[in-house]
Amino acid sequence: MRKLLLSNDDGVHAPGLKALYEALAAHARVRVVAPDRDKSGASNSLTLTRPLALTALDNGFYSVDGTPADCVYLGVNGVWDERPDLVISGINHGSNLGDDVLYSGTVAAAMEGRNLGMPAIAVSLAGSHHFATAGRVAASLVGAADSLSLPPRSLLNVNVPDLPWEAIRGFRVTRLGYRGPAQRPLPVTDPRGRTRYWIAAVGENADDGPDTDFAAVEGGYVSITPLQTDLTRHGALHDVQGWLDALSRLA
Amino acid sequence: MRKLLLSNDDGVHAPGLKALYEALAAHARVRVVAPDRDKSGASNSLTLTRPLALTALDNGFYSVDGTPADCVYLGVNGVWDERPDLVISGINHGSNLGDDVLYSGTVAAAMEGRNLGMPAIAVSLAGSHHFATAGRVAASLVGAADSLSLPPRSLLNVNVPDLPWEAIRGFRVTRLGYRGPAQRPLPVTDPRGRTRYWIAAVGENADDGPDTDFAAVEGGYVSITPLQTDLTRHGALHDVQGWLDALSRLA
Amino acid sequence: MRKLLLSNDDGVHAPGLKALYEALAAHARVRVVAPDRDKSGASNSLTLTRPLALTALDNGFYSVDGTPADCVYLGVNGVWDERPDLVISGINHGSNLGDDVLYSGTVAAAMEGRNLGMPAIAVSLAGSHHFATAGRVAASLVGAADSLSLPPRSLLNVNVPDLPWEAIRGFRVTRLGYRGPAQRPLPVTDPRGRTRYWIAAVGENADDGPDTDFAAVEGGYVSITPLQTDLTRHGALHDVQGWLDALSRLA
Amino acid sequence: MRKLLLSNDDGVHAPGLKALYEALAAHARVRVVAPDRDKSGASNSLTLTRPLALTALDNGFYSVDGTPADCVYLGVNGVWDERPDLVISGINHGSNLGDDVLYSGTVAAAMEGRNLGMPAIAVSLAGSHHFATAGRVAASLVGAADSLSLPPRSLLNVNVPDLPWEAIRGFRVTRLGYRGPAQRPLPVTDPRGRTRYWIAAVGENADDGPDTDFAAVEGGYVSITPLQTDLTRHGALHDVQGWLDALSRLA
């Protein structure tokens, strides 16, 4: 029986996580290790300044006082003897499209699984109603995961429209789109007269062409984007070398 | 006069930040906005659940009760009317090589600048002694930044050996190397008898060939790696599409 | 029907809070507002540097990303139009005896209710098994609360032995006992070689005479201690005045 | 030479702490252990869920990633072999009058010293300008501390008007005054449309008669209030016993 590790960034009590568990538990051995509170926006952060507490809850889920990446690290890497076959993160409350993937704790949880050698899938729902749809998508992908061969340092980022299953128009393989720069911070005055700044909403879409994840979800399709964790801009190595050579000649 | 925004992840009181400021302040207009405490490992996380406090310190630096990405967002995007020309993050206490870039707050600060449309450089010292060397490296790169043309969504990750300037053997353009999976967590028992888990040290180098950042720094060279913030694994789009088509035929 | 506000410091998902709710919900209108995670040891701390999020959970409880005192402040003071008649905090997992009351978030939640003008009771179980016993104690005290007249700035601190109801030997009114100084901190070395210090276990009992809360619980009795929130040491005003006068003569 | 431990709740970089150090360092051996960031409102909270990092700064002060009480616990209780003779906390930025003492981290730091067996003084400035005045007050009290005999579990809470030394009218021994209930929370809407609540400003003074700390500071006098850490309301023990007896007869 396939062994799955589930995590998320909305926290161990989030409905999306429960929906994911319910969609997968019948056909696999499922362990759930998730943050004890909402860690949306945690990105890949790991907790290095203190040890982590792992608490078994009444429903069998494990709660960690840390980040999504912390949870997957503990779940994959040695608290238990047996390693999972696959790491699934989600179902996120809200989409993770375009630039979001750099900030998302949901994607980071999947990346951490990938960095530890596991195949990994991040699943997000572009809304907060149809978690069952996203659960069914997750179950389909998990069922077929053995036949997918991805290059090393790769994972899948899946976004599901917030629609009933019957209204989903199909699946699309997409590239990430991109948003423009975020809006300016919103200043607020606290009750003691001090100014503070809220990080504002994300920018307008700057690149949401037909092959992007934005366009797929907007059109009612499940978006599947293969992501990489190798951040080297290989195509720029030559140009940077040229620049460096020019500098040296000048020096 | 060129306008620079400096940040880091070791916190506004870190010696590496002061060294960076001292290396750059003579030839540019420099603003410093950095976290109020050590945020190493913060990755790209942004603070969305509360507004941020920005505090002017006696030395003219600004302190923020948030992450490195928060600091750059506030510094670039509208607390002040004037935008910087360039974002420099560092000098990190310790190297940021290979997989480190996914977790590093120093690299994330530069990425945030890049996402907001600025050229950006992350600078790390592979140790804790020769910050002046890394400061001199930063000053050289900043001085030449106008002549470097990088593709969109790119930035430079710079690692400097912990050596006196005279002992540096040169500059090398590199790709990221990779470490193997991190070691297993270290269990500890707290004074009340409860087990907790420390995230362990990073794994052994798994890919540190001669063209990597690992090898450059090990050999006494300054390593310069162009990074990208587009995480799409473009080369895998075709294979994932084939997999999806096969699934559909089966369904 | 009596209106109760319940809170705790072990967090909104703690079994002790659920037990308290179940013991009281049949005979009163009960609102529950509790921290989203374990805040044991939070003392009277209030969150002043950021606004608080109040989240309605599926079970009707409210979760706050703050301290026990934050929760009671929000629950009593104006999020809802109707104020409670009584604030009950607990059931704490573990006793709150002697010096504990200065550090306890459970006692602080009751104090916050008291400071906002409500009668208030803190309930703790000296263990983790017989929450139903403590629930029954709480229900008895709440039922009789109207006939108790306490001076201003007073509240009740209740500790219940971890025994079946039948094994409880009775109720005792007690004074706080005192422990000796806490043990020395426990140094630990983290996986990166840095020393850190755990706060050690509490000290040995230094004053646990027959009229103390320590002795009552130890003997199988429910301990009820009236607490005050006026910290003036009235009995020392005269001596400090004498000391000050002597200083002035010398000056 | 007298050995002093200094701490505060405004953080190790706060001007008030530096002013206190400068006022005392000439005539005593002074160690400074303070939180790494602003911990105002931390009350007596102790950090029990993780070990604490103690960092030596360039100026010789020690920084702790914890609360004021954590700092004093580490500073008094065994990181160093030698114990201090006296714990001084402050100079707080802003007064700590009346009910404030229950929430104040400055007062809590002094209480922690007291709980560990040291004489202790908390010093606050009712403003942010004349730290030198408060420093001079602290030096006077420290110089005379040997001749003051307080009962066990007692400490001094000192508030200094924000005036030049020459404008101070004298010293007064006071009791704590009291404020009325805090104002209602201030709702704010975050940039994502969610309501959050700021804890509002403190209430109006409800008890600021001529013998209170409020009145002394308002009148230009240094206020000295002896505080106790025994929270038992001894005067109510009899009444609670009567109430309990009545309950038993009814049962």
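Going in written order, the chains are labelled A, B, C and D, and every chain counts its residues from 1.
Definition applied: contacts are C-beta pairs under 8 Å (C-beta built on N, C-alpha and C of every residue); 3 or more make two chains touch, one makes a residue touch a chain.
These are the chains along with the protein names UniProt gives them: A, B, C, D = 5'-nucleotidase SurE.
The structure displayed is predicted, hence computed values, not measured ones.
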Candidate from B-C, A-B or A-C with the same interface as C-D, over half of contact pairs in common: A-B
Remotest chain, subunit A (5'-nucleotidase SurE) as reference, centres from CA atoms: D
Length of the line joining the C-alpha centres of subunit A (5'-nucleotidase SurE) and subunit D (5'-nucleotidase SurE), rounded to whole Å: 45
Distance from subunit D (5'-nucleotidase SurE) to subunit B (5'-nucleotidase SurE) - Cα centre to Cα centre, in angstrom: 40
Rounded Å distance, subunit A (5'-nucleotidase SurE) centre to subunit B (5'-nucleotidase SurE) centre (Cα mean): 21
Where subunit D (5'-nucleotidase SurE) touches two or more other chains at once, by residue number: 48-51, 53, 65, 186, 188, 190, 192, 196, 198-199
Residue ranges of subunit B (5'-nucleotidase SurE) touching subunit C (5'-nucleotidase SurE) (in the complex, touch as defined): 49-51, 53, 65, 183, 186, 188, 190-192, 198-201
Complex interface listing, subunit C (5'-nucleotidase SurE) residues touching subunit A (5'-nucleotidase SurE): 13, 15, 36-37, 48, 50-51, 57-58, 65, 190, 192, 196
Residues on subunit A (5'-nucleotidase SurE) engaged by subunit B (5'-nucleotidase SurE) in the complex (per definition of touch): 38, 40-49, 51-54, 69-70, 73-74, 77-79, 99, 101-103, 105, 108, 111, 115-117, 140, 144, 147-151, 153-154, 156, 171, 173, 175-176, 178, 181-182, 184-186, 188, 190, 194-199, 224-237, 239-241, 243-244, 246-248
